[in-house]
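I've put the structures underneath this note.
Each of the next two complexes has subunit A plus one other chain: subunit B in the first, subunit C in the second.
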Partner chain A sequence: MSNLSVLFDAPILLVQLIVSGILVGAIFALVAYGMALLWGVMNIINIAQGEFVMIGGYIVFFLARAGVSPIFGIPIAAVVMYGFGLALYRSVIWRIIDQDMFISILATFGISILLQQLGNQLFGSDIRTLPSHLPSLFLAGGMVTVPEIKIVGFVAALAVGAALVVFLRYTRLGQAIRATAQNARAARVLGIDTDRVYAATFALNCAICGAAGGLVAMTWFIQPYLGLTYTLRSFMIVIVAGLGNLPGVILAGTGLGVVEQAAGFILGAEYQTAFVFLLLVVILVGRNMVLARQRRYLK
Partner chain B sequence: MNFKLKTLAAMSVAAMLGAGVAQVASAADDTIVLGAAVSLTGKYATLGHNTQDGYNFTAKRINETGGVKVGSKHYKLKIAYYDDESTSARGAQLVERLIKQDHVNFVLGPYSSALTKAVAPITEKYKIPMVEGNGASRGLFTKGYKYLFAVLNTSDYYLRPAVAILAEEAKKEGRDPKSMKIAIAVENDNFSRDVRDGVLEDAKKYGMKVVIDDKLPPDLNDMSTTLTKVKALKPDALLISGHDKGAILGIRQVAAQKVYVPMLAMTHCDSAKVIKKFGKDANYAFCASQWDSNLTYKDRWFGNPQKFAEDFKKAYNYDPPYQVAESAAAVEVFADAIERAGSLDPQKVRDALTKTDMVTFYGPVKFDSTGKNVGKSMVLYQIQNGKYVVVAPSKWAKTKPIYPAPQWDKRQ
Partner chain C sequence: MNNRKRDIAIIVAIGVAGIAAPWVAPAVTTQLAFLWLMILFALTWDINGGQMGYNSFGNVLFFGLGVYACALLQRDSGLSYYVALGCGIGLGALVAAGVALILGPAILAIRGHYFAIATLGLAIVAADIASAWEYVGAASGLATPVYPGLIEHRTRFFYYLLFALAALTFLAVRKLYSARFGLAINAIRDDEDKAEAMGLHTTRYKVFAWCISAFFLGAAGGPVGNLVGFIDPQDLAFAGATFGVWMVLMAVLGGKGTLWGPVIGAVVFHITQEVFWTYLLGWQRVAMGLLIVIIVVFFPAGILGWAGRARARPKDPAQPAPATKTAPRPSMEAER
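Coming up: the complex of A and B.
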């Protein structure tokens, strides 16, 4: 608890924690956004989400090695991953749509193991990083430092999020995706090719993960086994935001980031993740109580 | 179609089994087979391959220079491998298979403390001696194992030299070592907790105050909170341990957030290739290592550490990290003990191992009653001008440590 008094002595550190939290959370939120989309539209919980991030990271990494600036590498990774997503949909995912959710978890779990091991075979288990070549910003007399790459990540996350909202609201495909999410059978009756919608949604999620992977490689590091962290974290963010609440995902992602930073500072890093998961339990129990009350009124 | 698929599946299974069997040929009359389950796939694949390269390179060298002499007969060394897939359960299973089905009399250790921990009870059960160079956890040597021998320093010794340097520098500045403040950030696993214990013990010895003591969860990929604390509490040294990931995160984020500490010390910088990755951002960091090719030991098979490094690079096309060296040393220790035992009997070789007292290119080897090597000491580098220079132990140090590191705005 002595760390708490440090925070009172130097409240500017709180600003640092909040800023770091928001910037860290934004990248997680981006990954969670894709997961929410997939879950909402196709009723699939994608355990391989983190592995898609990993592959995206490696694409940007190898492009950078070949001389492509990471900033351009990110959109390329997104496009490549879109194609990858389509291929994966046509080979595996279409078989598990409309099946029990347990089947989808098993199938994507299998894909995740496969991708991990393939990544390990192809790229080796070395930890790779990309130099961002961006300086850090110093605010408040050096007490608050913000690496610019994290701002780039944050802005990119926001931009992708905004682009998705616009896409879903105003384009034909976006509307078809939303219609399918609401009621797949009705959408089919009205002439929407739901199979194509599913393929596009799945590929879109892969593209989002690909872009996020590039940001991860520039901010932290990539490794064939990093996937689980991102899968778990995005799963959690989607649950906290509530299913189908896409704008809420960004809020939940950044909020959890801030809570995590604060918990790490005050309680120590060993409780950082534990605290966030504890919070998840509290939120779930709380939400269940609210829902139970509503159900009582309905009776 | 279905039939074809089935045939294909059967064929591939047969091929896999065949590959497994082919690796373990039974010992011919003039060969000694050492068994090893190492991580060729999974998360330790890179370091597992280093281990395997170290074993193979040494066995080849010993064979080329006359092999192992037992009585009047010269034997060739042969190593039988399995891939433990970086998982403990698999490692234990495979070592049991090496002993029971492949009838090996001697076992070389796997990569990492976790896997060594899983394997040691098996070798103990069958009374088969194991010499290992990659399990540094202190916990391995408190269980009373009689057939386990480690050529490396246990993990609690990794960052002790850094604490010693801090105390020396404090005295030079005319400060009481008691006034020094230490921040520790370690990954919450066996290895790093041992590193932390060593630091805590030595800090206590000097009366230093530990102001930050963070244990990072293994899935954590960001240590900015710990660094915010460092900024607030201004410790004299920040000690980080978390394998490659810890070294990379430490150097990357300390530089990105321009966190100033007079001493930044960590483990695994060399295997994480921090100089190549971060260039001058890595300058002034202290790095713990088991071994360095600039040391001046003599060796029967390789001559000296420099020769070892050169010959190894010629054969495998990369500079040997210490993981290669310690694996190589394990094979040498076996060869030496088998010759002294004058027998291929596991029990006699085990007894000879307890009396080992030799100098290798990797360092002196002498086992205490728990089986750990008390002959050698850890090496501490500092990165100066983009190069590793040895700064401790002072006996082999070429250069003096730079302490305190210059402020960030004073660096070029």
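Coming up: the complex of A and C.
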């Protein structure tokens, strides 16, 4: 807690926290947007979201080790994860779509444990990060340090997000996805093959997570057990922002990034994840209280 | 009445087998002790998840609180071993139930999958705090006091403690389900708003059900911590990825919302898990994840639900199998 007074004495540190928070928050927002897509279209809460991020990260990491630059590694990871998502949809996910929400949570929880343990067996539990050869920017007389790689990651996250919006708005498949999200039955009546739409949505989400994972490997670190934190962060962002609200997702994502950085600085890094999850519980309880007063419920 | 007699005969037979087991198969006493723990896990989870429709992914929180409460009392109280253990188990149960009582009104007001995620978050918060807090040993864990006696006596002692707790849980739950409480929480599962409109104090019932769950989980924490001898915050006390998911899975596997389902599910699951552990060393957790997916996707009604449908089929082939979300309840049939 002593760091709190440091923050008051040197407000410039707050600028540092906000900048790093926003830079990392864009990646959170990207993952959360994928989750919102899946949730909105298929009514599935995907607990394995973070594990997809982890796998994407490892793909980019090993490609980079083999000499492929992350600029190409990230699209490759996205494509590989698209195929992985299709395979996963065809084997498991299609069976749980029209089931109880509880079944889908538990099934994706199983997938999450499976992938996490598989990652642990195949890649080892070490923390990995891509070495970046970019320098850091020093702003405000050296008080604020911004590694250029994080700016690159931030811009790339925004670019992927923008591409996604364009895709959903203007392409045939994107329109089919949005139509299915609005009313699956009506979409079926109008000749949309919703099963294929679901498959494409799930695979698309995997591709987004793969790209985000590459960015995480570039700007932060990857580790087989990091999945659940990303899943719950996405969940939190989606609850705060609502489904299908991209500006809200970006705002909530960067906001979460900033709050998390500040909490890590003030409480100490070992309490940072605990704080994130506590925030999740508090948000859920708080939101529920507001809704209960209006006699509505989170359903 | 015949069913009731059969039920009691089965319970007595299981009880006799449970008492005799450490002498019949002394080599696997520890595994059997964990079998009783698994039964307790599945039964306590099913109070909320199966009977009340509140699918908690964080009930391992209460188990972890029990583990730590007992171990800390044993470490700091300075009492003799057995007294400290007894007080520790009691304290663990009370702390866990107390936390459920405090958190209950706020957390149990959240519904559906939001409740599931909120409880998942709670369990992880507890695990993270336990692995960062120096007083409880932080990430390096906590060793429990040495048992004053032979090692095989120690295993047997904790086996009987866990057996007694599991049996107590089963009997308590059986009693509660056949009383007004059982009807009330089933009404909450079926339609909470309607139950409330009918004049049921739903919050009271929900919190009480959670407290019962927490009480037995907290009591089980002490013996398990001492049986293992070393408390790791992430792998034993607040083991969300193992115990936390297993308790859900065992209830689903056996048939959630039934009295015997969790027991059957726990037995089948535990045996499978021990087989995995023996033959797939290193890959057992991967296999476990795969097993979870297979069970949930292909057997969502559980063993009892599946057996019930298989039994219902030959009687009336024209009628399709009842597509109820929860399995039929043998305990209800027993009363009629």
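The working rule: the second predicted complex is superposed on the first by the 250 of 299 C-alpha atoms of A that agree within 3 Å, B and C clash if a C-alpha of one lies under 4 Å from a C-alpha of the other, contacts with A are read in each partner's own complex, and residues count from 1 in each chain.
Criterion: a residue touches a chain if its C-beta (ideal position, glycine included) is under 8 Å from a C-beta of that chain, and two chains touch if they have at least 3 such contacts.
Source: prediction; values computed, not measured.
Novice: Is A:Trp220 contacted by the first partner subunit B, the second partner subunit C, both or neither?
Specialist: It touches subunit B, and subunit C stays clear.
Novice: Between subunit B and subunit C, whom does A:Gln121 touch in the aligned arrangement: first, second, both, or neither?
Specialist: Both: A:Gln121 reaches subunit B and subunit C.
Novice: In the superposed arrangement, does A:Glu270 touch subunit B (first), subunit C (second), both or neither?
Specialist: both
Novice: After the superposition on A, what does A:Asp193 contact: first (subunit B), second (subunit C), both or neither?
Specialist: After superposing on A, A:Asp193 lies clear of both subunit B and subunit C.
Novice: Once the structures are superposed on A, label A:Val285 by its partner contacts, choosing first (subunit B), second (subunit C), both or neither.
Specialist: Only subunit C; A:Val285 stays clear of subunit B.
Novice: When the two structures are overlaid on chain A, which partner does A:Gly110 contact: first (subunit B), second (subunit C), both, or neither?
Specialist: second
Novice: Mind working out whether A:Val24 is in touch with subunit B, subunit C, both or neither, as first, second, both or neither?
Specialist: Touch status of A:Val24: first partner only.
Novice: Counting only touches as set out at the top, which of subunit B and subunit C does A:Leu228 meet: first, second, both, neither?
Specialist: So A:Leu228 meets both subunit B and subunit C here.
Novice: Give me the intersection of subunit A's contacts with subunit B and its contacts with subunit C, in residue numbers.
Specialist: 117, 120-121, 228, 232, 268, 270, 273-274
Novice: Could you pull out which subunit A residues touch subunit B in their complex?
Specialist: Touching subunit B: residues 3, 6, 10, 13, 16-17, 20, 24, 117, 120-121, 124-127, 129, 131, 136, 138, 142-143, 145, 147, 149, 220-221, 223-226, 228-229, 232, 260-261, 264-265, 268-270, 272-274 of subunit A.
Novice: What does subunit A use to touch subunit C in their complex?
Specialist: Residues 45, 92, 95-96, 99-103, 105-107, 109-118, 120-121, 228, 232, 235, 239, 268, 270-271, 273-274, 277-278, 280-281, 284-285, 288-289, 292, 297-299 of subunit A touch subunit C in their complex.
Novice: In their complex, what parts of subunit B are in touch with subunit A?
Specialist: Residue positions touching the partner: 41-46, 185, 188, 213-217, 219-226, 228-229, 231-233, 244-245, 248-249, 252, 256-259, 272, 277-278.
Novice: Subunit A touches which residues of subunit C in the complex?
Specialist: Subunit C reaches subunit A through residues 55, 57, 106-107, 109-114, 116-118, 120-122, 124-125, 128-129, 131-132, 241, 245, 248-249, 252, 282-283, 285-286, 288-293, 295-298, 300, 325.
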